[in-house]
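The first chain written gets the first letter, and so on, giving A, B, C, D, E, F, G and H; residue counts start at 1 in each chain.
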Amino acid sequence: MQCSSSSDASRRSTDDLGFARVDLARFRRQGVSEVVYGAGKTSDQIVSILSSLRDNGQLPALVTRIDPDKAAAVAASLGPDFAYFPDARLGRLGAARRPDGLGVVVVAAAGTSDLPVAEEAALVAETLGNEVKRLYDIGVAGLHRIVECADDLASASVVVAVAGMEGALASVVGGLVSCPVVAVPTSVGYGASFGGVSALLAMLNSCAAGVSVVNIDNGFGAGFLAHRINHMGVRTR
Amino acid sequence: MQCSSSSDASRRSTDDLGFARVDLARFRRQGVSEVVYGAGKTSDQIVSILSSLRDNGQLPALVTRIDPDKAAAVAASLGPDFAYFPDARLGRLGAARRPDGLGVVVVAAAGTSDLPVAEEAALVAETLGNEVKRLYDIGVAGLHRIVECADDLASASVVVAVAGMEGALASVVGGLVSCPVVAVPTSVGYGASFGGVSALLAMLNSCAAGVSVVNIDNGFGAGFLAHRINHMGVRTR
Amino acid sequence: MQCSSSSDASRRSTDDLGFARVDLARFRRQGVSEVVYGAGKTSDQIVSILSSLRDNGQLPALVTRIDPDKAAAVAASLGPDFAYFPDARLGRLGAARRPDGLGVVVVAAAGTSDLPVAEEAALVAETLGNEVKRLYDIGVAGLHRIVECADDLASASVVVAVAGMEGALASVVGGLVSCPVVAVPTSVGYGASFGGVSALLAMLNSCAAGVSVVNIDNGFGAGFLAHRINHMGVRTR
Amino acid sequence: MQCSSSSDASRRSTDDLGFARVDLARFRRQGVSEVVYGAGKTSDQIVSILSSLRDNGQLPALVTRIDPDKAAAVAASLGPDFAYFPDARLGRLGAARRPDGLGVVVVAAAGTSDLPVAEEAALVAETLGNEVKRLYDIGVAGLHRIVECADDLASASVVVAVAGMEGALASVVGGLVSCPVVAVPTSVGYGASFGGVSALLAMLNSCAAGVSVVNIDNGFGAGFLAHRINHMGVRTR
Amino acid sequence: MQCSSSSDASRRSTDDLGFARVDLARFRRQGVSEVVYGAGKTSDQIVSILSSLRDNGQLPALVTRIDPDKAAAVAASLGPDFAYFPDARLGRLGAARRPDGLGVVVVAAAGTSDLPVAEEAALVAETLGNEVKRLYDIGVAGLHRIVECADDLASASVVVAVAGMEGALASVVGGLVSCPVVAVPTSVGYGASFGGVSALLAMLNSCAAGVSVVNIDNGFGAGFLAHRINHMGVRTR
Amino acid sequence: MQCSSSSDASRRSTDDLGFARVDLARFRRQGVSEVVYGAGKTSDQIVSILSSLRDNGQLPALVTRIDPDKAAAVAASLGPDFAYFPDARLGRLGAARRPDGLGVVVVAAAGTSDLPVAEEAALVAETLGNEVKRLYDIGVAGLHRIVECADDLASASVVVAVAGMEGALASVVGGLVSCPVVAVPTSVGYGASFGGVSALLAMLNSCAAGVSVVNIDNGFGAGFLAHRINHMGVRTR
Amino acid sequence: MQCSSSSDASRRSTDDLGFARVDLARFRRQGVSEVVYGAGKTSDQIVSILSSLRDNGQLPALVTRIDPDKAAAVAASLGPDFAYFPDARLGRLGAARRPDGLGVVVVAAAGTSDLPVAEEAALVAETLGNEVKRLYDIGVAGLHRIVECADDLASASVVVAVAGMEGALASVVGGLVSCPVVAVPTSVGYGASFGGVSALLAMLNSCAAGVSVVNIDNGFGAGFLAHRINHMGVRTR
Amino acid sequence: MQCSSSSDASRRSTDDLGFARVDLARFRRQGVSEVVYGAGKTSDQIVSILSSLRDNGQLPALVTRIDPDKAAAVAASLGPDFAYFPDARLGRLGAARRPDGLGVVVVAAAGTSDLPVAEEAALVAETLGNEVKRLYDIGVAGLHRIVECADDLASASVVVAVAGMEGALASVVGGLVSCPVVAVPTSVGYGASFGGVSALLAMLNSCAAGVSVVNIDNGFGAGFLAHRINHMGVRTR
């Protein structure tokens, strides 16, 4: 695993930890450090990668899908700079950036069970420097709940629409707003929800224009994309 | 094919045509004659079955999924008592019953492309004796179009909700009304609509209570069920 | 989560609990309170929602898919007005309504393993004010078992047909009765039953008219719809 | 393609035609000649293979899935010994064997649209030396039609059950008889029938014991297997 | 659950246990008692059903998919007449019948991991009165292992072919024998074996004639069908 | 179809054409008129809808998935203001807006066969007022072709990545740029490409952050979303 | 489409034709020119690309999936150096290389219907400089046909195994040889063959080691890979 | 299980252990002993099979998918000649062969989570006598990480490309090298990765020539095939 990278540490594109090649170039290229996918990594591996990012000045850094036990071990090693958000199974090293985007990122969720995914999206967007407004439990079966939130939706810069089961929230919201909508299907449901497939398909087939979709339960991806859209023309960092 | 049936013609349960056993008992048992599935039958076969139903006093009788050419051949043989509705690919021998149901059957369709299925449902319900109100092209991406129809929906006895693509109409309507909703997914769409599967799954996962689903493009089944529901307690015929 | 709702408590459409917006309008609109989907909610959350419904005069209220441990915690908090039905994993706050429907709701189940779903349907219908007759273990492989029940089936106002594996019960029952049939596929089976998909597909393709389908294992949805159908023309509450 | 086979023509195991290796050993091993799968072969190729079988004394020989045009060309070349059955898209060179099985093979079909597959099964069984009784259009939605045929079913040696849509016929028949049932799903249906998949899955999940399944639309395979079962202990030919 | 059955115990068609209707007619109609599907039943329920069968003179009786703990509880209640076969997760009340079939049922299995399913088939066939020969671990990747068993296969009356992964054993055996082959796909494998779907599809598409298929892991169904085929013309019991 | 809309034409939210309710509110709400889905509509219907949009001052208006014959009929009726782009099967009434977005929309396509979808995206974006740069035939199997385009990609405001087969272009581009990437799977390919499903799944699973996905072959949706993103903070029109 | 490539023609990595960027670097990097995917390209486009390859000294060049009409147009333009092989739908500009591999590439096909795919593989391998031996119609249902070819198989350097339906040929051949086996599933079959999916899954699950798989009907990919394997250590060209 | 094998132990083709027939012929035929599939076997069974292989002089022998507990039991029985590699869940009896292949086998993995599968491939190849170079964590989202490894890739004799999620690594690597590429999809991912299906489909659709695919998570199969390819023309052993 000794493929050549620059020996000049300040310009190295990767930090080779043996089990992982930390992508240092991403921060310079995209303004955001590599995000650690916590599932299937040990707490030691997570600590090593986060430390590498910290040592290379690439904070804040995020770890997704990290369970409480691993998070506790990481926190014990990295100290109070590491925060853990159990609802979202998200860890963060370093402080969130101050909001400097074009407007407000609205995270709308259809039901209470969709909260973990919605929170992952909201916290990722907040960490990267966005004001976030949460509108939870506004499923389409109680349409008045959406209508009551129409002003909040209309003033959004981007909407992240999180829903399981039939995933209709994305289409309804998409018809109400004139900003981009990032749809996140969740695995909430049973039977023919097929672990989120039904919501995913509904969102892909949305008759509302301006809607795009990320992977099932991928709150991180939606929050990250919302950040990018909310910073269009603002900076490239 | 000589399995025994009653030789008393007035009480025979089946009329054995060789290629088909016409189910005469269904009319006495369910108040509606056997409906002919036109796909995969010749016009001669259709004429034979319809004639058998007519000769046994079981009109009106319906033929579904019959294309214009076959319909013309059937009409030539059966005369003016046979009507053909090309939008719905539906044929009917005998007059529609007069409306005698509890209330109005509303047939709501999301888009113009869903019309063939919606019309099949509407015509079947009308044939069997129901007042039908059509609300077409009220897809959820233009929510105000549904809101404009809220009164019509609220006063329905049953709603048949017809939609392809993401199939969200069923959930939104289901949340607005207090009557049974029969959802019909259609094969309208492309790509990940998978011939109606996306709409079907969305409807099965509807978070609105009171919604049930029939097969993709099954306008007949929805119209028939709406008829039964709209005649609860009225008669058994 | 401060989207505006009426400040007049008696007409508020939602009660915002932070983690959930209890849909108070549903009771006024549909005559039945919002039903709590217990999976993925804590017992504290369930208690809060049920309390809100009670405080707004919207009992009886139901919680579906609640396991015994959560149910015990809820019961400890809400007292004897909360009843738990372990077979159906169903909780209920408040007494069942007295039966005031058009007729009898028959719940037919193909096998002993389908009981949890069948019981969920039966208890939901009873709670909402329906007389329910249970016909269990009448799978089609022993056709005489169905024939023995023909009179009970024929006198039903609505039939809920619950079956896993090949799901043929819905078609056979659908051919015997002249009332609406609500088919519930269950996840009972193994191998190519695919968690209820085989039964679901069979029911969607039923050659019997008057049959519609709800999600796999969705006993609640079937019981609720049966209630609506059994109250056609009776009241709008 | 010169892999070695015996040069002694009477004991050759294959006849190498260049584009095909005719399996001459099968007749000696299994008492039935290789059956030609007509789809994707030219009429010339079919004539060559049939001629090889005839010249090696292995008649009757069958060609499945051969359309009328190809069949006409084959008939023009092979003369009156070649018979074509258009309903079943089946060609046969040589006369059917006289019935010498244990009993009667019953071919039951749910609907008129299933006839092509049912006829393929029936003709294959007749060709190989079986008495065949056809019971067509006895779908489960009109249960009395099956009951009327109960005696014919009960006296069968084997039943071939042919059905599309929900495929429930196999389970119902399987519960009525004590002989082996060979279930053939057909591609009849639309929407969620998925080209026969729904019927296939239903048949695989049949709660009736003694039922096994062949490929969708595989009338040939069912007729062949019924022949084998109906000749158990009779001969090995 | 009081649908009427004959009050004459000796001719009753069902024994209504409340949670189950034991099908007593099956024994008279098919010569084999109802088989208990053990998954999802309590040991008390299993004891009740087996007792009912014993009291009605319908032994031997089988319970499939019963785990060791339940089996121990059943054995404690029913005594030494109840035998448990842990490899096959099969329980049996009463002695196996003496072999009286046409010939030998061969159970062939591709790999060691397929043994539980193969044993279920073998024990069911033995219980019902068949001589069984087991040929295990003869997967097609070591073709000589099949060739070494060619004589055993050729002399079989029926072959049950059990295989997971690519399921090729059914086709290879089907080409070697002239008797019916009952193919049983198993869930053995990983990745793209999809819990037995790959083997199931391969077996359904077998190019060898005379092969039919039962559900994934359905050793019971295969053993039962093999019994029926091996008793063709022998008796109807 | 007489649900109430404002009688004041200038504020009407819908124009009810009988077969369609033209959504006039969308233009005021979202700055873009309703887009006509041409598949499944007659040329007369298309002309009516486009005329309604023109008469309400809502040009430019687009028709997607319109074949050459229908387009010719529409052009004959609407005159030279209607332009047709055969590669993209796109029709447009009225002139494209002048580019006034934040930057350049890059449309990248993996292969020559992906051009129809890529052109649909490019033309939609151009129509709505965006400068578009096309980078076609830069599939990942010739990585240097992408590298040669690195500068063009890096300077993009949004990238629309169009690819069939394995859909890897989205991930590779996603790793190279710091702007939002809209991925469009196409149905290009054969065998296990399953009409675009493989590309769709690959794009949904992209390990590159900032990528979202629209439906298979949905060039329109991608071009529309790219327009929205490229106009963030520019105007709400 | 002006991304920069070297202006020195002899080292240019791409030839930009507007609709396509011909990958000239591939020949230098991999010893084989870019292969043209003929489906979805016009004959003019094909002629342009082939001409570019010829003018850059990169013959022989191949076009896959080109139908006879397009091939005739290409031949009319490029002259006798262009050869067309209709069975394989393959076009070739320039002469095949002389065989210079390690040994013989055996192309084995299960049935006559698999020939188009098998021929594509064989011709590609021959074009690139390999001796090819064809063993066709050796399906596993006639095992002796494979056994007769055992010597040819054993002496192969690589085997390409082509089969549809249940795809068992790959496993059986894989168990007989000690060289790499490239498995090609074909779309031959019907019903549950699902266009080649069954064969694909069977091959992926092969219990024989040394087997790998390419896309359904991808004869080209298999022939190309066989060439690479047969030239291991021979040259890099 | 007494099918005949040679009684001459030195030439026996199988060693019949009762529960398994150890394939001794494979070593003589293919130069590598039978590999034990550890899942679903007891440690006693594994010890018996490994002992049989050792006693027949067929070491080194491998056990795949063996968990730590079983491995400890096997080690306790077989002593220090048995080595266990927990990362790869692989056991080995006997020493690895010395490298004697044509060149270097490169095992490339997209992410840290893919390591178990990559290690299985690497260790299998090393055991069979190959020099292996590991290039881990070089996913396509950080393209420069692949570019940094271009020299290592270019000098490979075979590349094993291991990736989950979108599986794009195989296509990118396939475009960079001129040697065979064995692609291994892994089950790493969530949501629409469907347990490796997305990566599998992407790899099967790779637009890069020279790529073939093995089953999801099948590191063993890839390492074995890489060994065969890396020993082309070297020996047949």
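Heads up, the rule we're going with is that contacts are C-beta pairs under 8 Å (C-beta built on N, C-alpha and C of every residue); 3 or more make two chains touch, one makes a residue touch a chain.
Bear in mind the structure is a predicted one, so any value in this text is a computation, not a measurement.
Looking at the partners of subunit A and subunit B together, the chains they share are C, F. Among the remaining chains, the Cα-based centre furthest from that of subunit E is the centre of F. The chain with its Cα centre farthest from the Cα centre of subunit B is H.
Put simply, the C-alpha centre of subunit D and that of subunit E have 26 angstrom between them.
One finds 51 Å separating the Cα centroids of subunit A and subunit E.
The centroid of the Cα atoms in subunit A and the matching centroid in subunit C are 36 Å apart.
Annotation: 43 Å between the Cα-based centres of subunit C and subunit F.
The set of subunit C residues that touch two or more partner chains comprises 111, 141-142, 176, 191-193, 197, 200, 204-205, 209, 215-216.
Applying the touch definition to every pair of chains gives A-B, A-C, A-F, A-H, B-C, B-D, B-F, C-D, C-E, D-E, D-G, E-G, E-H, F-G, F-H, G-H. Taken in their complex, subunit B has these residues touching subunit F: 111-113, 115, 134-138, 141-142, 144-145, 148-149, 151-152, 188, 190-193. Taken together, the subunit C residues at the contact with subunit B in this complex read 29-32, 35, 102-103, 157, 176-180, 182, 200, 204-205, 209-216, 220-222, 224-225, 228-230, 232-233, 236. On the side of subunit H, the complex with subunit F involves touching residues 110-111, 139-143, 165-168, 171-172, 174-176, 189, 191-194, 197-199, 201-209. For subunit F in complex with subunit B, the residues that touch the partner chain are 1, 3-5, 13-14, 19-21, 23, 25-26, 34, 37, 39-41, 45, 65, 185, 187, 195-197, 200, 215-218.
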